[in-house]
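One chain, subunit A, appears in both complexes that follow, with subunit B as partner in the first and subunit C in the second.
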Partner chain A sequence: MHGSYFPAMEREDIIGSPLFIFILLLLCVTLAVARWLFPRAVSPSLLKGFLVASGLLTVWEILLFLKLLNPVLLPPPTRVFSNIVYLWSIGFLQPQIVSTLFRLSYAFVLALLSAVTLGILIGYFSGRFSSLESLIDAARLIPAPAWLSLAILWFGIGYASAIFIIWLGCFFPIFLNTVNGVSKAEPVQVETVLTFGGDKFDVLLEVILPVSYHHILTGARIGLGIGWITVITAELASVDIGAGLGWMIQDSRILLDTTTVLSGIIVVGMLGTMTDLLLKKCERFVQGWS
Partner chain B sequence: MMRASVERNTALQRADNFAAGVSAAGTKTIQNGRHVIEIENVSKSFFVYSSNGETVITEKKRFFSRKKPCELVALKDVTLSIDHGEFVSFLGPSGCGKSTLLRILAGFEYPSSGNVKCKGECIQGPHPQRAMVFQSERAVFPWLTVEGNISLGPRLQGTEGEVRKERVAKTIELIELKGFEKAYPKTLSGGMLQRVAVGRAIVNHPELLLMDEPFGALDAQTRNNLQDHVIRIWQSIDQSIVFVTHDIEEAAYLSNRVIVFTARPGRIREVVTINLPHPRERTSPEFLEYRNHLADLIRH
Partner chain C sequence: MRPLFFIAGVSAVLLAATLLRYSAANVIPVRLYRALVAWSLFLLLWEGTLYLGIFSSMLLASPSVIITKTLFLLEKGYLQANIIATLGRFLAGFSIALVMAVPAGIAFGLFGKAYEWLAPLLNFIRMIPAPALLPFAILVFGIGEGPAVFVIALGSFFPVFLNTVRGVREAERLHIEVIQTMGGNGMDVLRHVIVPSALPTILTGIRIGFGIGWLVLVSAEIVAADSGLGFMIEGARALLETPTVFVGMATICALGLAMDIFLKKIERFFILRRGGDLLTSQSNSTERNKPTICSEGRLWKWS
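Right after this comes the complex of A and B.
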């Protein structure tokens, strides 16, 4: 099944080593010139980060170019990047990305809804639910993949068990941060709403949500990180066979296709950074007062 | 004169208030006999549980606790009435229950015994007709602008568009914060924040304004300014103000009537009516006489 996607082709043909290093150097020079011309458009941290990254990539490429490392164990960056382009061009990468993102976002949205609702309830009525809170605090320390075998028994092999585990991974950081955020609402702020004729629902909208917004967002960012860990773990363990970046990594490992393994890892890294940036953008909504 | 103004008898007290209403408040009319608040024999006690160095204060006795709580009587047999348009101060040493009484008036707490009535009806929980100004700066919501904070009351009341806008604009003018409508609380000074808190309370035209040591955390200069401010606001609105303070001069400077509390358990020690017109002179002999009298009451 896997083999049919990969006709015999030397993937390093797309970009060769010397060309790759030349492109990196050219990009560095371009960025430096851009920084000199438009100091505002290019931040120094971006330039520094780019320089360090391209320096490391160059060293990596040169080590393999000089045959100092075994390319089967560590393929050179040119081959990895060409492979990503190649896998994209034959339409193999997209369905993997879509199915991983679908699983993650499905479970993440579920976790966000359930954890925020439960967190607000427990934070709001903390006196009555304090025993439940400590129970959840203990359950937090069980890594989500530990539930894998049970999840498969409960939900069968398929989307449902994967989503259950990812949900479990995302849930705790969001929940605990929400509870913490709700506790930051001061009695005097609650009483302010009550004294102007608000009811408990108004307290929720006017005080609890604005106060805990930041904390929920922090929890969501941590939760998403753990979500990425669990989604790849679930796919590695073939909970849901046949799609996903984790499955791609695992399947290529069996075929000793380390290039595709590394491609998968890099794509996961890029997607993870992008989703985190997306959540970070949400912080802008409260820039005025914080 | 001082002796004459100190009354325990309610009938005499009312007669005296009438004089105060006419002479002291100038354009402001105090409607004597029209009680906004009636407090009858109010007592309030808390139960203090202490174990392992942890102290918990509760309103009700714990059903399952084996330990015997120590009863803390905050207020004992307080009887008082507040007229429409009056400016009343609660003065007393710290921990005498004056804030507790204010919180009972606001509806956040309930008396252990006795009755509190607002316009003839028993107080059952917080009501927008009795707006509270808190001491804490955090009571002004940091996530809302000045405008947003002031329109909180009308928003919760469901006051719509134009009326709300107009009311908010008028209030901002009254608290002299024009130009700061869009500012967030973190950019304002402590005095400005307290003005926002006062504005937020008066925007709904409540029957009664409850102020819980609103200027306690401010420096002397700002406090004096804000006191004049509060007097101006009080004279321009129709409502009564209940003001809790432990500052003798503040009480004497602001109020028509000062209710002096004893130390715990808090009882009314004396009701001092201050027959001085606003604006008052802090250095005039009459003012100093009142001040010294209040200081004597607090000390002994």
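Right after this comes the complex of A and C.
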């Protein structure tokens, strides 16, 4: 069964250990020189992060080169790197990335729309919220993965169950932050708009939305983090067989293919960092706007 | 329990609460009454739709069936065993995270230079969802308790660690200098300024870390465990035992609620004891809660 999904496991390291360490050293020097020449272009955190990471990779590589660690349990960085390039070149990695990102972004956008709408409605009529609070609290404290079994019962195995639990994971942080943000609106500002002849809709547009942007974006970043945990859980539990980075990691684990396991983990980490940076950029954009 | 008994019981509770609330005695506080109304209406709606056969009982278990099933599972000892397995695993992972994150956070908060070097790498590791490391942990630690404890510890490590670093770095320069002027050494600064002023932030981090750890715990139990509530839910799902799925979810919810309330109480105790304002210290803005947490004069109350 495996052969039909997985590529052949014959692959060669495209880069040797000494060359790898040499390239890392070269990159570090290049970055340091670039930072010295153009202080604006290279941020200090990038340089520091790169230096520490390459130091760690070098130690890891050397430990395995000297055969101090078991390469079956912890393959050297060169092999992981070669594996990522190999999986990409045969077109196996791309569909996994696309299906994971598709699930996550679909559910995340749904959660953003529903949570912001509901949050503004409930925060706006905050008198009603207190009676619903205990119900919402109880629903919030059931972690999204615990809904997985129920989702499979309701929607069957497939995309729908995965999207349902990812939506649920993203929903509560965004919703609670929106309610919190709406409640931060100053009564004076609300009354100013009303005094100048504005109606409730104007209050919403002029006061409440600008005040709650930051809270919504903070909620969105927390929600995305939980969304990543949930999407990987859904894929590890094989909600949808045969696609996704989580599924790739789990299936390679069964094959004792630690290299692909680590490659998957690193790709997930990079994608997570990128999506987080994207939201951070949004935050800065909104900061200049409101 | 019969559905009609359940409906009658819930209605009776609702009626009694309303009578008590609006009678001369007025013994029930508003919040409790509102929660009671919301819960009993919700339960009545749930039980009623299932009693009328609007939803299939294969897909949704009614509250009365869940109560019957809970009693049955308790009698067999199956539920208790799974609760103990879940709690043991969680406490092991969470306490490992605390023991590592708080001292490391204080150390890196004190030596800001070292933190600046490590921060970019830590930010990358932080963005890897903990369950993604589960297959790798299974390969390294083998099947058993190891992988689950490892990912729980990893999941709850970062919120605690980052909040500790933030709290330590936000300690007032002035207070530190006061201690040093009075002839105190590094240990005194740590005891009298840094730990007290960072404590509320650390406690917030612990509560966030608890939330993430709880999430990762359930996910680890669903994917790779042979005991625990997550395993119970997933096993019951495979057998189409819908009531057991609901029992498991309700238990997870109750345990989470109990721990959340406990942590909130601790947080409240320490913040109020330091004379801080609970509302402002819980907000995200650091500028706003600085004056309240480190209000001068109150600082000495701690020691």
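As a convention for this text, the second predicted complex is superposed on the first by the 273 of 290 C-alpha atoms of A that agree within 3 Å, B and C clash if a C-alpha of one lies under 4 Å from a C-alpha of the other, contacts with A are read in each partner's own complex, and residues count from 1 in each chain.
Following the convention adopted for this analysis, contacts are C-beta pairs under 8 Å (C-beta built on N, C-alpha and C of every residue); 3 or more make two chains touch, one makes a residue touch a chain.
Computed from a predicted model, the values in this text were never measured in an experiment.
S.K.: Return fit or clash for subunit B versus subunit C, each positioned on subunit A through the superposition.
M.R.: Once both complexes are aligned on subunit A, subunit B and subunit C fit side by side.
S.K.: Could you let me know whether more residues of subunit A are touched by subunit B or by subunit C?
M.R.: C
S.K.: If we overlay the two complexes on their shared chain A, which of subunit B and subunit C does A:F285 touch? Say first, second, both or neither.
M.R.: neither
S.K.: Thinking of the overlay built on chain A, is A:F125 touched by subunit B (first), by subunit C (second), by both, or by neither?
M.R.: In the superposition, A:F125 touches no partner, neither subunit B nor subunit C.
S.K.: Using the superposed model, determine the angle subunit B, subunit A, subunit C defined by their C-alpha centres, to the nearest 10 degrees.
M.R.: 70
S.K.: On the A-aligned overlay, A:I249 touches which partner chain: subunit B = first, subunit C = second, or both, or neither?
M.R.: second
S.K.: Is A:G272 touching the first partner subunit B, the second partner subunit C, both, or neither of them?
M.R.: In the superposition, A:G272 touches subunit C alone.
S.K.: Mind working out whether A:F22 is in touch with subunit B, subunit C, both or neither, as first, second, both or neither?
M.R.: neither
S.K.: Can you give the closest approach of subunit B to subunit C, taken over C-alpha atoms and in whole Å, for the superposition?
M.R.: 5
S.K.: Counting contacts the way the document defines them, which residues of subunit A are shared by the two interfaces, the one with subunit B and the one with subunit C?
M.R.: Comparing the two interfaces on subunit A, one with subunit B and one with subunit C, no residues are shared.
S.K.: Hey, which residues of subunit C end up touching subunit A in the complex?
M.R.: That would be residues 31, 34-35, 37-39, 42, 58-59, 116-121, 123-125, 127-136, 138-140, 155, 212, 214-219, 222-223, 229-230, 233-234, 236-237, 240, 242, 245-246, 248-249, 252-253, 256-257, 260, 284 of subunit C.
S.K.: What part of subunit A is in contact with subunit C in the complex they form?
M.R.: Listed in rising order, the residues of subunit A that touch subunit C are 44-46, 48-53, 56, 73-74, 130-135, 137-138, 141-150, 152-154, 169, 215, 218, 225-226, 228-233, 236-237, 245-246, 249-250, 252-253, 256, 258, 261-262, 264-265, 268-270, 272-273, 276.
S.K.: If you look only at subunit B, which of its residues touch subunit A in the complex?
M.R.: For this pair, the touching residues of subunit B are 106-108, 125-128, 130-132, 134, 136, 138-139, 141-145, 152-153, 156-157, 184-186, 200, 204.
S.K.: In the complex, go through subunit A and note every residue touching subunit B.
M.R.: 186, 188-189, 191-198, 202, 206-207, 210-211, 286, 288-290
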